[in-house]
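Alright, structures below, take your time with them.
You will see two complexes here that share chain A, one where it goes with chain B and one where it goes with chain C.
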Partner chain A sequence: MLGNITKTVQLAAVLFAGPAFADEIWVSNEKDDTVSVIDIETMTVSRTIEVGERPRGITFSKDHKVVYVCASDSDAVQVIDPQTGEILHDLPSGEDPEQFVLHPDNRRLYIANEDDAITTVVDTQTRRVIEQIDVGVEPEGMAVSPDGKIAITTSETTNMAHWIDTQTEKLFANTLVDQRPRHAEFTHDGSELWVSAEIGGTITVFDVATQSEKTKIGFEVKGVHPDRVQPVGFEMTKDGRYVFVALGPSNHIAVVDQKTYEVIDYLLVGRRVWHMAFNGDESLLFTTNGVSGDVTVIDVAKMEPVKTIKVGRFPWGAAFRPTP
Partner chain B sequence: MTPQRAGISFREFAICMMAIVNREALRFVGQRSRFLSSLVRPMVWLIVFAAGFRAALGLSIQEPYDTYITYETYIVPGLIGMVQLFNGMQSSLGLVYDREMGSMRLLLTSPMPRWWLLFSKLLAGTAISIVQVYAFLALAALFDIRFSPLGYLAILPVLVLSGLMLGALGLMLSSTIDQLENFAGIMNFVIFPMFFLSTALYPLWKMAEASPILRDICALNPFSHAVEAIRFALHLDINWASLGWTGMAFAVFFAISLIGYDPAKGSMVRKAR
Partner chain C sequence: MRRTGRALLAAMTGLMALLVLGHGASRAEGEMSILVGYLERHVPPPPVLSNLEETPDDLGLAGARLAIKDNATTGRFLNQSWTLSPSIVAPQNDFLQAARDLLDRTPYLVVKAPREDLLALADMPEARTAILVNASLPDNDLRGEACRPNLLHTIPSRAMLADALAQFATKKRWTDWVLISSKSEADMALADSFERAAAKFRLKLRERLSWSFEADMRRNAAAEVPLFLQDAPDHDMLVIADEAHDYGRYVLYNTWLPRPIGGSEGVVPSAWSASVEQHGAAQLQSRFADLTGRDMRSVDYAAWAAIRAVGEAVTRSQSAEGETVRAYMLSDEFELAGFKGRPLTFRRWNGQLRQPIPLTHPRALVAMAPLEGFLHRRNELDTLGLDQAESGCDAFEKER
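Then we have the complex of A and B:
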């Protein structure tokens, strides 16, 4: 009898101790200098981790053993142990790192340095800068193709997508997009590059093979002034069906058909939606709502916002971490 | 418990109620414009008023909602309440008419207990208001304002309670009105204040921003509680406090109506003089 009780207590200790036994969404809070960790099962914030100043871009290593955070005002990319929340070390990132992307080799980190108009390539293992590439003014959006051959930087003021050959770390093409490009993503098959333009209010779709413009997608939210419809972050589903686009101060997420480029629906979320992350099976989407300081959870199958979770002040980036 | 009185069987109670419900239904069917206006009124609010509110940017989260909602979604429970409020008042108008035309005397001379007659009348009015509410919800769905399928079912018992409460309010008022012409006064002094000083159009926190007194009035208004009870049910949640307030308001209004319609005590005596 006593043995049973002891076992139960031990089991309970195992279940309730330790930080994480469920899938998580990690959210960087720009104003609080923290990262909020959302437990997907309970849909609550289970941990809040102190990080450097003005954290924005956030991404996990491919094996999810470390998490990288762009601490923009600390001029560093911080490497954090997701299990303990401890900051392991900083990477040399160049000034004002805003967004970054991890190369499929799980080693090279491509970082946009907003103030210096350069893209810094850092080796996460040797912790050294491999290359600094001159790009347009105020680089922000970063993407890397699924095969790892091309990296993209978008520059907010030059209004361009800069195409970088990752073998030589040199620019090989520059393509114009609409005003203030914020975010770039390759489709999962690598055939297209999508770039959002915040002021232009559009997404430009490029054919990767020719770097030529294929089409442009516009947005229109009923009852909202067009000036407020500002596409920023977006995510594509792996099945190639949908693209979810954050429309900034219009407080909506647009759902776009990846094949026809038609906007299927607009979903109401919190104020000034920035970026988002899917859970593991892409059944849920978590959007960071900057001004309202919360994260809205969207049921992807139903195309319906189901819950909004309070996080820190001005949440910006989001990343998924599977159960360790 | 089913009512029972010496000499009157359950069947007779039921027949009496059915007769009153039938009469009310016939009257409603005959008044097409009433049905039409009961639909047009909330739809105008929903489409014109909500559109002007710039609510596409979403309302702050408050119970029972788990996330941001549009203003259209917010005001639907309030408009359901409005449909029932108008219907409750119109039923009471019907009573005044009945009294003027003499058909009420016929009803009140029935051997049935008076409370049963009046309760049957309330139930009949409530049933009609529920038909109007579902017609309104169907129309709103055509304009893409939809709720969870179970929510439509969950509001039904709440609609019975809120319908009874608002009907009893009308009944109470009708016992004090002498003539049909006074209905305009009811519009000005009852329907409008009740509707505007409630959570139908704005949440309580918004009212509190305008004035704490306004907020308190809204919080005391039984119509607010009916609306909140409907709102929670539509969202598959239960607001016990609002249900309790609505139930209590019904009991009070109905009790006063019974006194008002008591030939020995209430205003009937006054009118007879």
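Then we have the complex of A and C:
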């Protein structure tokens, strides 16, 4: 009898919680050990999912059937069913996984192991470690080229972008950037690699074919000391027009022209803005604001913030999930 | 020209030649190997009342070891190899001879030594073109009239620490201070710095008291301290100068008036503390703990920063020649990410590493100086410590 009631309650809970019928933004809350799921239609948090300790990197499989979360202090990458929020299993990740990137083959996960100066390559199907690659001190930023041939790890204390040949899983180039690189992204056409340097206050743009530096972009926020203008996470629009750059404790997002490398605008968001994710058609951008514990929604066409959504403590990563 | 000569010689006489001419850097087939010396005069720690804490034997050296490891990890990708050569000189042994032995092999020396030893070293002819980095002494005048152009400092001066506390007190509006200090030379110097900081930030120093108890405070602090403070004028904050951490701990919670405490106890300004965790500091803390099994302290941090600074300068200037490296370290191009949220640079007029000063208690960070609102036309970090106009150091300018 009691069992039946429990079951009914559980069923009700499941029905109430989902399945979702709207696009979602998933946000990892570093200091709450949870993921907040934002319903893009209503712009509210529709679910909060408990995950491992200190969740940071978050990304969906290419088919959006599972979501991967770096549970840094649990030393695991957790694989979660986005429909139910259930943790399906852990992947071996090496120690202290912070960030990762999923290869276009939808199989290999390249993981930065911050405490060990290693990049771990994991096969998400066999759940085995394929390779561990020695990189610089405190690896963090991870990227993979659109054709899947190159993976990148940036190391915060070594101040480099390490270029990995994904055929051999070996380094083929190491290029210096400014102090404390945090994030790396390839342009959608694969011709350029952009790397942000938090303490250096710059983004270095590399020509991918030659791994040589093309240009360096600086930032200046009115009324904020240059030392506190710290580029961290950034995202590029698919149309090749804009790059949105989180400037950390300056509480601003810079909008950069992808072609001319000029900063077009600065948008005020929450405190210590960290990472971000677009919705499906890139009309909206969701930024994670670590210190204020919220997400700012930016209208991309108008280039202005339109809403703030409260999430957990120290929101870190963000990832888009389309309506299933 | 010099380098070509060296390469030839090396080719001719092989490994032995490398050892002879080494001088901190040898280049063979594009590889750079860089040696850094760590020179310490062993000084037995002064006696203190409490038996609770021990000064770690490897204080400073442990930070140097971690930095060499960090440099070496980076160096792998740049064909650099990094080696640390530690030399700990016993009290009865010849410090300058040990220095000479290291300077034969490298221009880079991280030094943890008493003042007399440090100055004698800096004035040695053999050290004229060396890069000596002071990782332990907070003496203001080493950044002032007694400065030496071959001597840089990664440990903050007392003035920097005192200014950090004064900024914090200003922010909290704890404007009236009473100051306690023992009669030791170090504590008098620290108290002078607090006095100077109070004047700089327009705080009121209501009284400066001298701690002179001979008794064992472990037993009778509760009785003695309130009496000691009973006649002091009213104040917002009680500031303690106790560098050896001898008596200050017994003042906490034993005061006559209920007032917050800062300085050597309570809210403490320092180069580094185990409770610093922001700006990726937790990573440095955990790497240090993995290596040593203990917490990182200020002198460890200063030694770490010294070798990381040399590492950055070598990497960015693509040279291991002492003169090029020194010029780069003091240039506008140089910056070091030191886990304090801002780039660290050297003051060109006295060789002091500019750095934020955390104000901590044993369990958490309270504030990070410079605090918001303290502005400076050059760099907010220059609101801490001796600014160019007041430093009195002209040795750096002269040699330019």
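Simple rule for what comes next: the second predicted complex is superposed on the first by the 306 of 324 C-alpha atoms of A that agree within 3 Å, B and C clash if a C-alpha of one lies under 4 Å from a C-alpha of the other, contacts with A are read in each partner's own complex, and residues count from 1 in each chain.
Methods note: contacts are C-beta pairs under 8 Å (C-beta built on N, C-alpha and C of every residue); 3 or more make two chains touch, one makes a residue touch a chain.
No experiment lies behind these values; they were computed from the predicted model shown.
Student: Clash or fit: chain B and chain C on chain A?
Tutor: Here chain B and chain C can both sit on chain A without a clash.
Student: Considering only the touch criterion stated at the top, classify A:V269 as touching first (chain B), second (chain C), both, or neither.
Tutor: first
Student: With both complexes overlaid on chain A, does A:D227 touch chain B (first), chain C (second), both or neither?
Tutor: So A:D227 only meets chain C here.
Student: When the two structures are overlaid on chain A, which partner does A:S250 contact: first (chain B), second (chain C), both, or neither?
Tutor: It touches chain B, and chain C stays clear.
Student: Does the superposition put A:V66 against chain B (first), chain C (second), both, or neither?
Tutor: neither
Student: By the touch definition at the top of the document, which applies to A:E138: first (chain B), second (chain C), both, or neither?
Tutor: A:E138: touches chain C, not chain B.
Student: Taking the superposition on A as described, I'd like to know which of chain B and chain C A:H162 touches: first, second, both or neither.
Tutor: Second partner only, chain C.
Student: Is the number of chain A residues in contact higher for chain B or for chain C?
Tutor: C
Student: Measuring by CA atoms in the overlay, how small does the chain B-chain C distance get, in Å?
Tutor: It is 8 Å, taken between the nearest C-alpha atoms.
Student: Once the complexes are superposed, what residues of chain A are shared between the chain B interface and the chain C interface?
Tutor: Comparing the two interfaces on chain A, one with chain B and one with chain C, the shared residues are 228.
Student: Please name which positions on chain C make contact with chain A in the complex.
Tutor: Per the stated touch rule, the residues are 70, 73-74, 76-78, 280, 283, 286-287, 290, 312, 315-316, 335-337, 341-343, 379-380.
Student: For a test of understanding, state which residues of chain A touch chain B in their complex under the given definition.
Tutor: 221-224, 228, 250-252, 268-271, 292, 296-297, 305-308
Student: Which residues of chain B touch chain A in the complex?
Tutor: 51, 54-58, 60-61, 66-70
Student: Which of the residues in chain A end up touching chain C in this complex?
Tutor: 114-115, 117, 134, 136-138, 155-160, 162, 171, 174, 176, 178-180, 198-201, 225, 227-228, 249
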